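Look at the two complexes coming up: subunit A is in both, with subunit B in one and subunit C in the other.
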Partner chain A sequence: MDRAGQQQSLTTAREAGMVGCTYCGLLLPMDQAHCPRCGAGLQSRDDQSLQKVWAWLLAGLIAYVPANLYPMLRTTQMFHTTESTIVGGVSDLIHHHAYGIAFIVFFASVVIPIGKFIVIAYLAYLMSRPHKSDPHRLHLLYEVVEFIGRWSMIDVFVVAILTALVQFDVLATINPGIAAVCFALSVVFTMLSAQSFDSRLIWDRLEKGSFHG
Partner chain B sequence: MSGDNIACPVCDVMYHLPPELADGETRCARCGYRLTLGQSEAITRVVGLALTSVVLMGMVVFLPFLDLEAGQFSNSATVYDAVMGFSTGIMMPLSLAVMGFIIVLPLLRFGLLIYALAPVVLHRPNAPGANAALRVAIRLKPWAMAEIFMVGVAVALVKLAGMATLHMGPAFWAFVGVVVVAALKDTLMCRNTLWTALANNKA
Partner chain C sequence: MDESQLATPVSAPKRKRLSLVWLMPVLAVVVAVAVVAKNYAEKGPLISVSFQAASGIEKGQTVVRFRDLQVGIVEDMSFAPGLTAIEAHIRLDKKIADYVDESAEFWLVEPRVSARGVSGLNTVLSGVYIQGNWDATPGEKVQHFVARKTPPLVTHGDNGSVVVLRSRGDTQLSNGAPVMFNGIEVGRLGEPKLSDTGSTVTVEAFIEAPHDQRLTTNTRFWDISGISLNVGAGGLSVDVESLAALVEGGISFGTMVAGGDAVLPGHVFDIYDTEEHARENVFDGDSAENLRLSVLLDNHQGGLTVGGNVRFQGAKVGEVTDLNGYVDPETRKVKLLVEFAVSPSKLGLGDDSALHMDGLKSRVANGLRARLASEGLLGQTVVLELVDFDDVAPAELVTNVTDLPLVPSGESNLKDASQTVDGLIGRINSLPIEELMNSAIGTLDGITAFVASPEAREIPANANGLLVDTREVIASGATRKAIQDLQTAASDVQALVGRIESSTGLDTFLGALERSDSIMTNIDAFSGKLPAIADDMEQITAQLAALQLQELVSDASAAVAALSDVVTDPSLKTVGPDAAASMASLQQILADLEQSGLVAELSAAATNADGLLLDLRSATADVPTLVNDASAVVASIKDLPIETVVQSLDRLLNRGEAVLSAPGIEDIPVALRNTLVELETSLTALREGGVVDSLNATLKSAQSTMEAIETATVQVPDVVARLNRVAGALEQTIAGYGPESRLNRDAQNAINEVARAAEAFRSLARTIERNPNSLITGR
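Now for the complex of A and B:
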């Protein structure tokens, strides 16, 4: 595999008074507003990036609270209705010795969302001033968050499938709870938060001389 | 402005990529982003796989997905049923969102890719708005969640295993096909190659 930069020194487009298209990569003069190759709007840096990150993150956090307090599923068996929250559903699975699945649901619905809140907040906080952290580590954190965030949607889909399948009158009926809506919104908001983050800031805000490349 | 000069979209480092370098696999020296995949012949396969996905997705929508039996009760659900499970009252927006994530957005992505790239493969002039179509297809990638839905199905099957007998319908296997084909297609998609091909096809 060729490292494209091996023979070249690393200069950013911004340092050279240029701007790179984030869709197709084409390098263009700074004053150009639209990319002639793919038509995307050009911005050397997204100035509002951090405000957008914080706003979506806050929205995601607000939606995550009721998602955990209210029931995700309402199961009616023999005229008796039980409601289960996200965490309640996980403990049911453990009770039925389905440890692997319990782990998947717990990871997707609790570990990923909370981890994501913490990591995005950490990155956005660091970017508000010059930092001395290893940019590779920060970039890796960001990539993991961006890649894994959408997988939180698993539990919403589980609720949808259970609701469709389990409709047997008195024997058993499953209906969705309001937490399913809140949880789906929380996932969407945090995905938007991660997407608003301009990764080029990680290197821009690095204090001179603290790390190489 | 030559297409040989690019900037890494992740960290903004500039590169000069002459065609002989862009035809191979290159990564950004600073952040490791894959700048080029260098499979110019892959466009044909991307279009072919997108077409396959559309056909499979058509089967998913119209054929039975899962069959559930509990005692004398039996219930057969299509994916449409699964999605419309939320469709009462305030749950309606969620139904539409789930429908979007697992059917509409994946289908839209395949359609846009075919619309933008099929003329290149067939040596025809670009379709009007081909650029915008490819941009939207790239932008939609994280929002198409077919593979996540599949994991959700697996979890639901385990949850129901104790109380009922389940049979997978043809739509279930078609959906597995969509997930596999779409993943294969995404590994072949090199943005630099696609945009270069689209730009060069204008003549």
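Now for the complex of A and C:
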């Protein structure tokens, strides 16, 4: 690997006996427990990172189950109340030939959260054992997950806006269902999970050159 | 390992510690588990209800309500095995689940628009819902239910009674139709059901409390559906109980007679067509207790209908409830199976229902049979009759051949009836109705012709003419003139006598009396003859008395009308001059007497005249008697029964009225007219006829008498003295006829009477004139 060969010559902070503050970026010698500038705790590597990732991920998964089973929206139109779950809503939209919106809702509410679960779980899994994956690609994956994870909240925003706008009593009323809360929780948990992931772990393998021997 | 060589942060020993973040998933799991557990704990049982069709039921949408509170929701819909029904799987609330036992029933509430209003309107927008109904006692749980097609008549919590109404089937009843009491809706009908035989319709009726307390065994129900149209003397009346009753049919009830027993739920009442019919049958007893029997008839000729009467000894004891064909399994003959219900009490079977069948069996063994009979005047209605036969083949009540106990049949009684009808019709045919009608028409025509005949119209005119004539006669100047003339005549006579008095003859006579003594002797000698003369005079006065004065006066009164003619008669006028002439001759006689010296004799004679005068006076004493006689005559005239005549005339008229209504009436106008014409002619005859002539003759004879007197005085101068006396007496007599005299009064009275009679006649005539038909109808 070209890149791996190139990077082999790089010296990491840990090799140099230094630790970088993750909050203010101050480089300090490793013997200090707290950053003298910002007061944050100093860790060369977060040895509890994977634990946190798994824990948040599990909580997010648990929250994601009712988010899909329970109705997201309670739409009341002329005495007629419709409760729709996320997937039900998507199928309704497809039924009404609103393919674009259906795709967006489906992407934001189903693809992204599930993709996030898978990606985070994959990263965390790789970090706990030897692997031969390219750290660059892993890092890109992590960046994408972190960036795109917040867009999952688009569903919750839609529900919140609709609920605020459509309140015409008998004529038409939209109320959030229990799934909205669960889904929001699920998104928050997965975001926390992604944040808990210490991306420096990706590169430790590179330093060790474990896949080269 | 490489890691041990690397410098690690101070916090490195914490590596094995479990992160606090693990609390989050644990918390999430705990919350989830708690929610799930709570949900599960609150979840009621799942039941399934079969519906004919889903008709608007949606899973997750359609709810189950009890007393309009949601107690469950349809979780799923599926087909029953064999696609025979729709199964709705309903999740019930745990709170209510215990009560959903065998008593539970479910039905679908849909929007319903009927004549009684709109119900279930809320389901139009919200969709249908399932109404549940169960009692308030928990029971064993049941998983599967079959939904009702219609709401139940009584839902739990409704207070009231359910009774069964039975109708002959021609009443239009529908589910939910109102039950009215005095125009107020107090209940409703359930679903009408046909009986097994199809002849009757039974329907349950729910009467709300407290109105169900009004139901007794004497309560009668009747049909109020439709429009009641009544045309009578009071005009046209259209009655509609209520719009709902008009469309859906309705039932009203009333308790006609107090004192009935309270009814138990499920009591069977009959529905009558009209309230009148219901009232008529109020004493019919309770139809529920009726014995239901049947009879097989093999010679039925038609006419018997369902609802026909069943009679026993002439009284109605029940009704025919059904007619069916029946094939005798042995003879293969088709017979008519008549089912009927009879009131056991009216058959004399007592009140104990347990003994009815036994009593009936013994009655049948003793000869009770059912047969066809006819009723009505012409035998037009066929009824079933129960008869006790004395000599009949033994039979018994058969209970195993047909559904109902079979009463043996007897010989039909229809033939006699039709024969009677034939005879009756024949007798009616032979009635001379046409002749009767013709004579009636003739009589009526005759009456019409009489009433319309010109003669009948002429009657009043003729009567009027007659009365006018009579009035004319009475009120004519002639009559009045007659009286005046009579007075004049009297005054003439007076003047005559006065002249006689004032004549010198008396003085001369006195002088002569002084002078002639010698004559006296002659006169004495002559006076010897005087008694004879006095006798003659007496005879004359007697004759005068015997003169038919009565007749004369009656003639006069009868001929009042002709009096004028009499008075104006020229002959009467001649009397005066004649009398004057006779007086002149008298004077001449006296002068002659003077000259003749007879006076002396007379004077002498006068001395002796006292006795003569006495004789004369005694003779003239008869004159008052005469006057009395005349007055008696007048009185008798007065007493003449004119009033009676008038009354009889009145009676006659009354009788005429009576006669007018009698047959032969057409001839009366003619006869009456003829009579009137005759009456007129007789009046005319009275005016012109012989009575006047006879009076004339009488007066003429009086005149001739005067003339005779004149001649007598010429021939017998001696008589003059006595004649003088006679004249005095005559004066007295005539004075009796003076204005104040009784005779005159009586005559006037008589005339007044006549006038009154005429007045009465006139008023009668006026009455007839004003009201001609009073002749016919009476006053």
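Structural remarks
In this section, the second predicted complex is superposed on the first by the 196 of 213 C-alpha atoms of A that agree within 3 Å, B and C clash if a C-alpha of one lies under 4 Å from a C-alpha of the other, contacts with A are read in each partner's own complex, and residues count from 1 in each chain.
Definition applied: a contact is a pair of C-beta atoms (placed from the backbone, for glycine too) under 8 Å apart; a residue touches a chain by one contact, two chains touch by 3 or more.
Just so we're clear, the structure is a prediction, and the values are computed from it rather than from any experiment.
Looking at the shared chain after the overlay, A:19 reaches both subunit B and subunit C.
Contact with subunit C, but none with subunit B, is seen for A:52 once the two complexes are overlaid on the shared chain. In the superposed pair of complexes, A:156 makes contact with subunit B only, with no contact to subunit C.
By the touch criterion stated above, A:43 is placed in contact with subunit C alone, subunit B being left untouched. By the touch criterion defined above, A:31 reaches subunit C but does not reach subunit B. With both complexes superposed, B is the one of subunit B and subunit C in contact with more subunit A residues. In the superposed model, A:167 makes contact with subunit B only, not with subunit C. By the document's definition of touching, neither partner reaches A:148: not subunit B, not subunit C. In the superposition on the C-alpha atoms of chain A, the part of subunit A touched by subunit B in one complex and by subunit C in the other spans residues 14, 19.
Put simply, subunit C touches subunit A in their complex at residues 2, 6-12, 14-15, 17-19, 21-25, 27-29, 32, 35, 60-61, 125-127. Residue ranges on subunit A touching subunit B, taken from their complex, read 1-6, 8, 10-14, 16, 18-29, 36-40, 93, 96, 98, 101, 104-105, 135-136, 139, 146, 150-151, 153-169, 171-172, 176, 178, 180-181, 184, 188, 191, 195, 199-200, 202-204, 213. Remark: subunit A residues 14-15, 17, 19, 30-33, 41-44, 47-48, 51-52, 55-56, 58-59, 61-63, 65-66, 78-81, 83, 185, 189, 196, 208 touch subunit C in the complex.
Interface of subunit B with subunit A (complex): residues 1, 3, 5-17, 21, 24-31, 35, 66, 68, 70-71, 73, 75, 77, 81-86, 90-91, 93-95, 97-98, 101-102, 131-132, 134-135, 138, 142-143, 145, 148-149, 151-156, 158-160, 162-164, 191-192, 195, 198-199.
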